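Next come two complexes, and both contain subunit A; in the first it sits with subunit B, in the second with subunit C.
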Partner chain A sequence: MPDNDKLKIAVYTCYCGGNISDVVDCEKVAKAMGSQPDVVVSRTDMSLCSDAGQSQIEQDIRELGVNRVVIGSCAPTLHEVTFRNALIRAGLNPYLYQHVGLREQDSWVHSNDHAGATRKAMHLMKAGIAKARLLHPLEPIRLQAEKQALVIGGGVAGLRAALDIAQQGLRVVLVEKSPFVGGRMAQLEAVFPTHENARDLLRGLIKKVVNHPGIKIYTQAEVMGVAGYVGNYCAQVIQHSRGVTEENAEALLSACQQEVPDEFNYGLTRRKTIYRPYPGCYPPLPAVDWDNYQGEPISLNGGEPIVLEDVPTSVDVNVGAIVVATGFDPYEPRQGEYGYGELKEVVTLPQLIRHLALSKANHALEWNGHPVRDVAFIHCVGSREIEGVDEPHEDGRINNYCSRVCCTATLHTTEELRQHFPGLNIYDLYQDIRTYGRGHEDYYRDALLGGVRFVRYHGEEHPQVTAASAGDTHPVLIRVKDSLTYNEELEIPVDLVVLAVGMQPRQIDKLVNMLKVSRGTDRFLLEVHPKLRPVETAVNGVVLAGTAQGPMNIQESLSAASAAAAKVVALLGRGRVELQPFVAAVDAEKCNGTGACVEICEYEGAIAVQTFTENGKEVKRAVVTPANCSGCGACVAVCPNHAINVQGWTLSQYEAMVDAIASDIPNMAEVA
Partner chain B sequence: MPDIAQSPQPKILVLATLAGGYAGADSTGQSHLDYPANTYVLPVMCPVMFPPEFFVRAFERGIDGIIIMYSGTDSPYKVEADGTAKLINRTYQLMKERGIDIRRLRLAAICTVCVKPFLKEVNQMAELLKGIGFVKNELASRNASAQGAPA
Partner chain C sequence: MSRVDPTFLHEIKEYGAVGIEQCFNCGNCTAICPLASDDYPFPRNVIRRIQIGQRDVLRTQLDPWLCYYCGECSATCPKGAEPGETMMAARRWMTARYDWTGLSHKLYTSTTWAIGALIVGALIVLGLAWLLHGPLVTDQVQLNTFAPVEMIHLGDLILAGILSFFLLSGLFRMFVFHFREGGKWKLPPLSVFVTEAWQLVYHTLTQQRFSKCEGRRRWISHLILVFGYGSMFVLIVLFLTWFQTDNIYPIYHPQRWVGYLAALAIIYGASDALLSRIQKKHEMHHYSQLSDWLFPILLILLAVSGLLISAFRYMGLPLATYYIYVAHLVVMMMLYICIGPMGKWAHLLYRPFAVYFQVVKEKAREQSNVTAGALSSAD
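Take a look at the complex of A and B:
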C-alpha cells in the first residue's frame, strides 16, 4: 500500500440503541481501537444510522481528513449502503469503507458471555481496520446498455414480464419455442381463487402484448446462442417456418391427414400435424408441427400434392437483459406408478382437467364411456419423494420438493366435480394439505363440509392401486393405511384414480449452459438470494420469471414476472448499467500470461490472455472483461504469480484480517 | 492434555459465503441463539478464491479451526460446489504435509436460514478443539519432531 503513511482511519462502534452495548462493552472496544495504528478517531454512538450518527461520520471525514472508515454495527445487509452513502456525501470514495457485524454475529449470539463478546468485537474491529488499510478507491463498472430485453418463454410469466417491461418504454423481443403463446395456463379452465376462465384471462394479456408496439414476438423460435454481457448481450434466435400462409392455411388444415397425440389435451385426443391447439389461440394462423410432420405430400383441392418445408431463419438481437421464463412440465408418472399407464382408469390431474373441458356437455362424469361413481385423488405424485423409499428418476434424482400448487388445484377440482356431479363420491388421499395462499384454505374447508372423504397416508407407505378382481363393482381397488384412523387399512373401490402430479423443471440444458445460470438440487433455476436478490441470477442481467425457478401458481408467477420486469427496467432504464466493482483485476506487473485463470474460469468472455507489445517485445497478459466476471475468484487461487485478485476482496486483505483475529489485543487484560 | 480449558480459547474462523453461510450466521443471530464467542465469521463471495496455502498460513498464524460455510450445489456460482470440494482435498494434502490435523478444516453447506446446521457445525468444531488443542502446540510438536527433539 503506497499511501500507508497517509492513512487516516475513523472507527465507530455503534450501541445500536442497546442491542450491541447491552452485551458488548462498546467503550472498551472504542478505546482499544483508538490505539490501533493509523486510527485517528474512534467513537461510539447510540445509533450511527441516525441522521446525527451519519453527520458525525461526514464531519470527521471533512474535518479530520479521514480516508478510511470502519463501522461496527448491525449486519451489513441492513446499513452497509447507508454508510457508503454517508462517505459519498462527505466526498470520499464509498469503497473505502469496511463494515463489521457486531449485532447478529456478536451481541445477539453471546448474550451470556459479555467478556467474550467484547473480546470478539475487538478482534472483529481490528480485522476490519486491517482490511481498511488495504482498501483502494473503486469505481462501479459503468456500461452502456441496450434498452431492449429478451424474454425467453411466451407463457403467462413471459407475457407479463414482456408487457411490464414494454410499458416502461423499453423494447422487448419475446421468443416462444412452440408455435403459440400462452403456455401451460392455456390448458386450464376455471382457475383458483377467482374462478375466472384461464384462457379469457390470457386472451386479455396476449391482446395487450400483441398490440404493444414495443414488443416483437417470435414463435416457433429458439435462442441458439448468447454472447456478450449485461447491457450488451447478442442473442441468436432461430425461427422455424410457420409452414402455412393466410391464403392456404385453412385448406391445408383441412387436407392434412396425419395425426399425432394432442399434447394440449395431454394425449387424451389426437390432432393433425398442421394444427391450432384451441380456438382463439395466438397467433391464430395454424402451424406445422415440424417434429412430427414427416414430409407427407398434401393435396389441395385435387391439385398437385405439395410437400411443406421448414426453412428456418436466423436473426441476431441485441439486448441489455434476459428474462428466463421457460416454465415447467407436469410430472409424468412412471409406467405402473399408482397403476399409471397400466390401468386405463388412472389419470393425472391435468388430464382430468382437459377431460372435463372436453366433456362439458355431459351431465354425468364418464371415463372411457363408463359412468364414474367413485373417484379418488392421490396427492404428492412426483413431489415430496423420499430418498430410499421412492425410486429415483432417470437422472438418478428424486423430487423431494413440494410442488405447492397441487393441493389447492386438487381441492379446486373436487369443488368443480361436486358442483357439476353432485352424486359423485370423492376420496382425497393426502400426506399434508398445503393450501397456503389467500383464500385457498376455503377449498379445504368446503371440501370437508361438502362430503369429500379425506384419507391421510404416510409418504413412506404409499397407497396401492390395483385392478379390481373380476366381478367387483368397481374396476380399481385402492389399499391405503389411514393415519387419521390409527392406520386402519382401508380398501376403496373406485372408478377413477386421479394423480395430483407435481411440477418439474423443463429440459433446458442447452439454455442453462448458454446463459451460465445455476440450478438448485431440485433442478429449477436458482436466484442469487431469495430475500436479498430475488429473481436475479448470479449472471448479471439475467433474471428469472415464473416457474422456471420453482413451483408457483399463476398469481405467484405473475408476481415473479413483474419483479423480473422491474429488475430489467431498473437495470436498463437509464441506458447504462452500473455494477459493483467486485470483479477480478490483473496486476500487470506480476502477470506473465500463464492462462491458468482462463482455464479455470466458468464465465464466457470474462477473462482472456492477450498479447501486447511493450518496449519492442511481445508480452502476454490476462485481461478481464469486468461485465462478464462474476467475482467468484476461482482465478485467484490458481494464479502461480498471485497476479490476480477480486477487487475489494483480495487475498492480502483476508490475510490481514486473519492475522488480526489470530493476534492479541493490546489491552485485552482490561476486558477479560 | 492441551491447555484448552485455560483462557484464551482456541479460535475458530468461519469463511462464510454471502449467499449462504454468512446469511445463515445472521439468521442465527436474529434467533438469539448462543454459540462460543471464540468464533469469527468473515464473509466471502465464493471460497474457491483461496489457495490451500491460505489455510495453512492461517493455522500457522494461530487460527485453530476453520469452517468453510458455502452454498454447496445451491450456489449462484457454477464453480463453487465442485471447486470448493477440490480445494478442500488439495488443502488436506498440504495440511498433512505440514503436520496439521485435517479435522481442523471443515466444509459445510449452510443456507441462508440454516440456523441449526450453523450451530451444529460451530459447536462440533469447538468440541473438537477442546480435544485436540491449540494449533500452535501441534505445530510446535511437529517442529520439535522435525528437529529430532522429543515432542
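Take a look at the complex of A and C:
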C-alpha cells in the first residue's frame, strides 16, 4: 500500500457479547470515532470474531477501499491473529491492523464506572486510530529451518520426545549427560498407578528410540554452546570417551578395584569406577566414571597395567529446535533435617525404594541388620516450605511448592511394604494428602484400610526426629503435634524414618544461560503461558519436556514430552519458520555506527556494527539479524540518533498514540 | 505427650468395632451427632484415640457413655467407618476396664466364655433347685411349698448383693478413672455433686438425652423396656414375698396387673429391639454381637416364663407351674450374668452417671467462671 494513498480507516467497537458493552457505551464510542479524520466507517458488532463479524470487515475492505483497520475488542493474545487473517483474506497486508484492548484494559477493570469506562474507550480507540495512520505494510520473517531437533536429557521425557519427533520424519540428536539413558525412572521399581516395573517399561521405549534410524544418541555428552535462532540453531556437543571397548569391557570391569558410592542406589551401596548401573541398562557397554576415576592403573590378566584416558570429542549439530528434558533431582535433606545424616535410621524415599529392590528376597524388612517393626514416613520434606518458618537453602530460596509426586509415591510404597511385610506398623506423617491423579486416591484408601496410621502435622511445626534414650523399645523417637488428635503431642517410637523428599530441578545453570530460557521462582524452567502455551519457552524454538519444568509423574512427563514434540514438528515440519516482523530496523540514513545498540542488546547475534564501503568511503552501520532480535526495543531507547526503531512499534507511532490519548475528543460532552 | 500404640485398634476390634481404620478423621460424624459438644466431640475423638492407641486417654473419658447410638454418624460417614459401632465397642471396652475381675473382658471377647458362663449359671440354678426344692404337691398348685418364698428371696438378695458389689466397684473405678489425672484428683466441689444429684435420678428415669437423638419412637420403646425391667427388678428383689404367693388375688389387684404390665412392657420393648436387629432396620442394629442377641431373647423368655407361671397356676397345673418356675429362675440367672460382668446392661448404671458427671463438671466450671468473672470485674 503506497503511503501517499489516501488513508481510509475502518473502526470497529466490539460488544464482546456484553463483556464490553455492559460497561462501555459502544454505540457512543463508535459514533465519536466515526467523526475522527480519515475514518470512513465506524461500526459496532455483538461479536466481531464470529464469521459474520469477520465477513463484515472483509466486505468493508473490498467495497469501501479501506486500507487501515482498528478494532476495539478483547486482548490481542486472543484474536489479533484472527483479525489479521481477515485482512489477508480481503487482500490487505495484515500488519495494517491495530488492535485495541477494550475488555481487559477497560470494561473488566472499570465495571463500576460506566461513563469513565466509555471515555477511556474513546481515548484508547483514538490512540489506536492515531497509530493506524502511521502503520506500514510489513512482511513476516521467513527462515529456512533445519529439519532436525536437539533433545537435551535422555530420561523418560527426553526419550519420548525424541521418538515422537523422529516418528514424524524429523531427525533427532539426543544428548545425555550420564553414560546411560533412562534417567530417574530407571531407579524405580513397580510404579504407580499400574504397578508395572519401571525398567521394563523403559526398556520398551529405549528399544524403539535406539532402533529408530532418525535418532542419534550421545551419552556422556553435554551441550557446551548454542548459537543461532529458531530454525537454525547450532549446538556444540562435547562427548567424553566411554573408556572401554566391546573387547576389553568385561575384563576391565572385573579388574577395576576403585570403588565409590553408587548414585544409582543413592549411596546405599558402592560401585566400581568402571560400571553398569543395573543389568539391562542402555548402552549395555560399561562406562568409566571420569569424575571419580583418577588415572589409577588397572592390570588386565596380570599384564601391563593400563591407564584409561578420557579424550573428549566435539561435534556441532545444526538443529531447528531444542527440547529441554533435563529432569529433576530428589531433594537432598540438610544435615540434621529430621535427623538425616545424623541418625542412621533416617532415609529418603528414593533410598528406601532402592533398599527394597536390593533386599527383595528377604522375608522381613531389615535396616542396618536390624529388623524393622515400626516405620514412619514424613511427607513434604523439602517441599511446601514456609517463608519465615523454614530455614532458607544455600541460595536463599525456599521450596514453597508442592512436589506433587511424593504423596502418591509414598502411599504406593506403603502398599508395597504391607504386601511384603504384613506385620509391619506404618505411620504416615502428612500435611495434606494430595493423591490427585486418576486412581491415585485408591492408594490412600488402601493405606487406610491396610492399617497405616495417619498423623497430620502443620507446616509451621515440623515433627521432631531424635534418637531414643537408651533402653527404649525403638532406636528413634518422633515427636509430633497431631492436628487430628486435637494438636496433642504424640510420641512415635520407630525403627526407620523415611523422608518423602520432593523434587528439585537439576543443576543446569550453564544450560539456562546458554539458552536464555527463564526459570520460575521455584527454579524450574518456565513456560511462556501456563495455560495457553504450556510447553513453549519465551525463546522461540526452545520447548520443555518433563520434570525440568516442574514436578510431574511419569504420565505427566510423557504428556509434556509429546506436547513438546508436537510443537517441534509443527515448527519444523514445513522446513521453514515464519516469525513476526516486530524486530529492530535501522534507518541507514541516520545511523553512524556508534554501537550503543550493540552494547545494550541482550540477545546474542541480534545486532552488530558492520563496516561498508559506500562511494569509496568506509561507513559503519548497525545491522540487525531479524531472527535473533526479540523486538524488546532496548536499542531504540539508547540510540543517540534515533536511527533504530522496532517495526510496527516505532517511536513516532508511540508519540502519536500519546498525543491522541492526551487530547480531547470532540463529542466527549455527550458522553459525560 | 502420649505414646502411640498400634495394638489398641486391634484390641477394640475384639470388642466388635468394624472399620475404624477407614476413618480419615473428617469429623462429619461429630458434626452430625446431636449429642456431641466441644468438650465431648465424639465419635471422632473416640475413634482417634483408638487409632493412635491412647488407651489411657480413652479410659478416662465419658464420651462413649454419652452416645445413645442413634446411628446418624454411621449413616453420614463418607468412608463407611461405622463410627456408631466403634462407640458401642468402646462402651464394651470401658465396661471391661471398669470390671477389675477381668471376667468381662473374657465374656466380651470370647464366645466360648460367654456361652460357658451362661451354662454354668443355668447349672447352678438347676443344681440348687434339685438340692433345695420342697415337696412337689401335685393335687393343687403350691409354689411356695415347692420353692419357699423366703428361700428364693434370700437367694435373690444374695444375687442382687453380688451384682451390686460388682457394679458399684465398677462405678467406683469409673469415678476414679475420670476424676484422677496423673495421680492427682481433679474433683469438682462436693457441693455440686450434691446439688446436681437430682439430675442422676432424672436421667436414670427419663433417659431424656436419648430423645435428643432422632427417632422419638425408639426412645419411647427404650423407655418402656427400661420401666418394665426396672419395676420387675424392684418387685423381685424388694417385694418378692408379696409378689410370689399362692394366694390368688382378683385381677384388679395391683399384685396382678403390675406384674402383667411389667411383663408386657418387657416383651414389647425387647421384641422391638430384636426385630430391628433381625431386619437390620436401624443403623445401630447392623452389627450384632452374641450379647446383643441374647439380651432381648432372654428378656422375652423371662417375661414369657413369668406370665406362664401365673397362667399355669390359675389353670391349676402344679407340675407345669413348678417346671416353668425353675426355667424362669434359670433365665433370670442368665440375665444376671449378662447384667453383671457381661455388662451389656451395665450401661443402665454407667450412662446416667456419665451424664451426671458431665453436668457436675459443667456446673462446677460455670461457678468458677462466675467467681473468676466477679474477681476480674472487681479489678
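One rule holds for everything that comes next: the second predicted complex is superposed on the first by the 655 of 672 C-alpha atoms of A that agree within 3 Å, B and C clash if a C-alpha of one lies under 4 Å from a C-alpha of the other, contacts with A are read in each partner's own complex, and residues count from 1 in each chain.
By our rule, contacts are C-beta pairs under 8 Å (C-beta built on N, C-alpha and C of every residue); 3 or more make two chains touch, one makes a residue touch a chain.
Since this is a predicted model, take the numbers as computed values, not measurements.
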{"item": "Which of subunit B and subunit C A:Ile492 touches, first, second, both or neither", "value": "second"}
{"item": "Which superposed partner A:Ala608 touches (first subunit B, second subunit C, both, neither)", "value": "neither"}
{"item": "First, second, both or neither for A:Leu484, with subunit B first and subunit C second", "value": "second"}
{"item": "Which superposed partner A:Met46 touches (first subunit B, second subunit C, both, neither)", "value": "neither"}
{"item": "Contacts of A:Val260 with subunit B and subunit C, given as first, second, both or neither", "value": "neither"}
{"item": "First, second, both or neither for A:Lys531, with subunit B first and subunit C second", "value": "first"}
{"item": "Partner chain in contact with A:Gly451 - subunit B first, subunit C second, else both or neither", "value": "second"}
{"item": "Which partner reaches more residues of subunit A (counting touched residues only), subunit B or subunit C", "value": "B"}
{"item": "Sites on subunit B touched by subunit A in the complex", "value": "7-9, 11, 13, 18-19, 23, 25-26, 28-30, 32-46, 48-51, 54, 57-58, 61-63, 73-80, 83, 87, 112"}
{"item": "Subunit C-facing residues of subunit A, complex", "value": "374, 425, 427, 444-445, 448-451, 453-456, 479, 482, 484-486, 488-493"}
{"item": "Touching residues (chain side subunit C, partner subunit A) in the complex", "value": "1-4, 6, 9, 21-25, 45, 48-49, 51-52, 54, 79"}
{"item": "Subunit B-touching residues of subunit A, taken from the complex the two chains share", "value": "75-77, 101, 103-106, 108-113, 116-117, 119-120, 123-124, 127, 516, 518, 520-521, 526-532, 537-538, 582, 600, 602, 630-634, 636-638, 646, 649, 651, 654-655, 657-659, 661-663, 672"}
